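One structure, pasted below without further comment.
So that you can tell them apart, the chains are marked A, B, C and D in the order they are listed, and the count of residues begins at 1 in each.
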């Protein structure tokens, strides 16, 4: 049997954050948080799994799409209107020597990130996107066209998992922010 | 008898640089340099003194003035075309909470600087200007109109005293560059 | 090695200007300009028309709002936070750095600057701060000037309480699932939690007492802005949601909820909903709100759009009477703005609007006219002193 | 403190994408996109069309000149210097910082980055560097890859010799009255002195031998540019003066002077003089010269102006055959440029022009046509690998 999602997260965090130099003892605190896993609400990623069976695309409904979704394209991932960038805040790594799920040379992907739920115009499905920051190097300097700030379903910092103003660099050599990626985690419900 | 100019410089450097945290031993090296004072060529400031008796203004000669001198004004010291700014490279302190010979709060004037020789349109005289940098704080962020780069009589770094690309922050708490002033030292020859 | 085989140059200019003796001259000849000494400026007591603006992603620049001119500079990057002491005598900046620039040992400090000289007087070590694009509510001060409250996220969340008299971090309070700091009138603060509730932290000598309130807004459907406002003197907060619902709350160990009202209804319009295509006037931007506590007026940066446009620049500033919950005025901005602040005075209040063009527009809050436009290289963020 | 009195949220997303099992679907339905792992890019061996551009006063950005796209980033501020190893396997950056940002303990380092991964492999402590707006000639490397030469100014001037095999500073050589570093073909370098002469430093095991040449230019009347060029493989230099006089010198313990020529005369014009109102085509900018050593062509950023316009942006690039000392070509720039570099290849050389608009224009050096224009936020400075 595959480990549960929360177990996966726990294992990943333990492994990834054990080398963290945080003075606050991330590991101990996260460990404390983990034991109460049963009382946590379902995360979007779990809902994604629950919904994985219903793979039929939804028809585009122009009456309910957001402005971003109506205008989104699927051909150029170095533009702010690329479909996965529906809730991104930062510089696109694809403009900086990286790619849509690739960090530029000399940087490190953060093991934790915020997530968005974005609609792919090609199949009408919504996907959970992990906006993993690439960290540990001075911010990428590139064209202003690569600096994006979108906010579909973006929440305040007290809902950090879907908040894009946070510097999501935990467990990297430093939390210096370089750029942001947009990797697919799975299909949303 | 007043101390000579070189003695003044020596005294000032000794006093000002004694607290320097340079690892290279500025003081010892400057001291070594000082003993050979007699073989140094006359500095512009000395020539200024030698010429101080001849105080009659020169008539403006539009055929020999530089473009900067033809266009220079004497009313607004926060503009790049203010007459004293004939060889300045940097942000004007007058735009940053300081003034023409005043450092903004929280910064320190460098005890050494580069110098220029600029013509005052009001009296037709040329003056030696000390472009003293204000140091020890992050660079001032202000209007681009306050970022100047002029080069009348500006020389390469192997003639440092009249070279304006050098960060002239020696003997200050740090050599972080904040802005540049333009103080009158005396009349030029 | 040093070599004496040829003349060398003394490469130094003196800090002391020379005295130039001017001989007797005819009256017609203008006098020779005299040498000038270098000096350093200091500042008068901070006036009501002072504003600290986040500039160039490397500093906060202090402006005189009457002249539209710079008074001084404090270093701070995008993730750093700034606060002005209630008595305006100190400015605090919470910063994070690494010993080698983008790598090395992490260090977090609360810096204390003298507001008169802008000299750094104390650099207080902190545990790792929460790093986010600037939010006023990630750094707050107690009204008595004794405590600073610094938001932490590692990613577990907490608040470090700093003793400003002793210049050291006193304790860290865990606030699991919560964030942001809204100070009480006395001895405590509240934070907003992910379930729409408040966690309330009372300072009691060497202890803290933590209480949890019931949810008062629907965080899933219509969350309140991080930039919601608090009157620090009274501990009264106005939590404002994405759609424009205003939740008045008197903060404390047991918060007291007031009557909810709607920014749109107060303007004679329908309350806005959560439809992505439901066009309505909505609050938005990096810093959409400014509460003028003395006049009890709320200034809101408004734009037309659907739901999820909570970060969109505003085209107008709407001015509300919070007492009567009515719109008093709509002010057109010269161009869209990312954030606003309003000066604390009642005589001639100014609106400081950080435009998307990176200019700062200074407007009369009374007439709505633009008084100055400054090439400030401003981001969306600014702060003003308290009344 | 931690409290368990209410549900809390796990505020983390996993680095591992989940496997999503896709059920049997009709062929007409596009497959569900699969989860993606995060990875890190690395670079192929550095090609001839690579250029490192000073960007945003915070970094050097490595560009692919063919695509006009970014390959990676190295941190560096305005006063820092960068050099590419002759074998292109390392990139060196000389940096200066203070432990607390704009204050604290000063630290100077030579950073060694792996050109394949852009990882920092060594951070070598240095004595205090000379701080000036970027000048290529303030950091140089020996052709055998063994030594780096770092210019110091405290304000006394010197050169620190860094052993790149041992990753440590080996010695500092005083060069009183002199500055800038022009490496020889083997085991030494020359520096320019304020009296128009050269000081020559030969490395000999653990010793250095210093010689002084006679003045070869008039530093008072017509100084040579700091950005004068050197062919690092042969140790031949072209020192070029403000007015446009070219002084060829073969560097060494006893430099050999060649025949002086004029940029203007080589273009069929009168040599330019030192009159402030003498309008002529003159070299100028932050980085006015690029010597393509293999083709033996000198590219010069030219503008029309009087004397003392040595920092003015150029409107054209003039291409000279250094062998015959004749102008081959005049290339119009799309807008004025602060600096240029030229790629080292002979097949299809590119000109990288850093425009005053902060864009980078990439031109064919053969046809003069603009191939790409990049919104680079560039200052005037760039460097390219050696042939």
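Convention: a residue touches a chain if its C-beta (ideal position, glycine included) is under 8 Å from a C-beta of that chain, and two chains touch if they have at least 3 such contacts.
Every value quoted in this text rests on a predicted model; they were computed, and no experiment measured them.
C-beta contact counts were set side by side for B-D and B-C; B-C has more.
With centres set at the average Cα position, the gap from chain A to chain C is 28 Å.
One finds 37 Å separating the Cα centroids of chain B and chain C.
Centroids of chain A and chain B (each the mean of its C-alpha atoms) stand 52 Å apart. Across the assembly, chain D contributes 2, 7-9, 11-12, 75, 101-103, 120, 155-157, 174, 176-177, 194 as residues in contact with two or more other chains.
Across the assembly, chain B contributes residues 30, 33, 112, 137-138, 159-160 that each touch 2 or more other chains.
An unclassified topology is adopted by the chain contact network, corresponding to no line, ring, star or complete arrangement. Chains touching one another form the pairs A-C, A-D, B-C, B-D, C-D.
Here chain C touches chain A in the complex through residues 79, 96, 98, 101-106, 127-128, 130-133, 135, 152-158, 172, 174, 176-180, 191-194, 219, 223-226, 275-277, 305-306, 308-311, going by the rule given at the top.
The touching residues of chain C, when paired with chain B in their complex, are 2, 4, 7-23, 25, 29-30, 32-43, 55-56, 58-59, 61-62, 69-75, 113, 116-120, 374-377. Remark: chain B residues 2, 5-6, 8-9, 12-13, 16, 30, 32-34, 36-37, 39-41, 43, 45, 48-49, 52-53, 55-57, 95-115, 120, 122-123, 125, 127, 130, 132, 134, 137-145, 159-161, 178, 181, 183-187 touch chain C in the complex.
Per the touch definition, chain B reaches chain D in the complex via residues 21-24, 26, 29-30, 33, 63-67, 69, 89, 112, 136-138, 149, 151-160, 163, 165-167, 169-170, 173-177. Within the complex, the chain D residues that touch chain C are 1-3, 5-9, 11-12, 75, 95, 97, 99-103, 107, 109, 120, 123, 155-157, 173-174, 176-177, 194-195, 197, 208, 210, 212.
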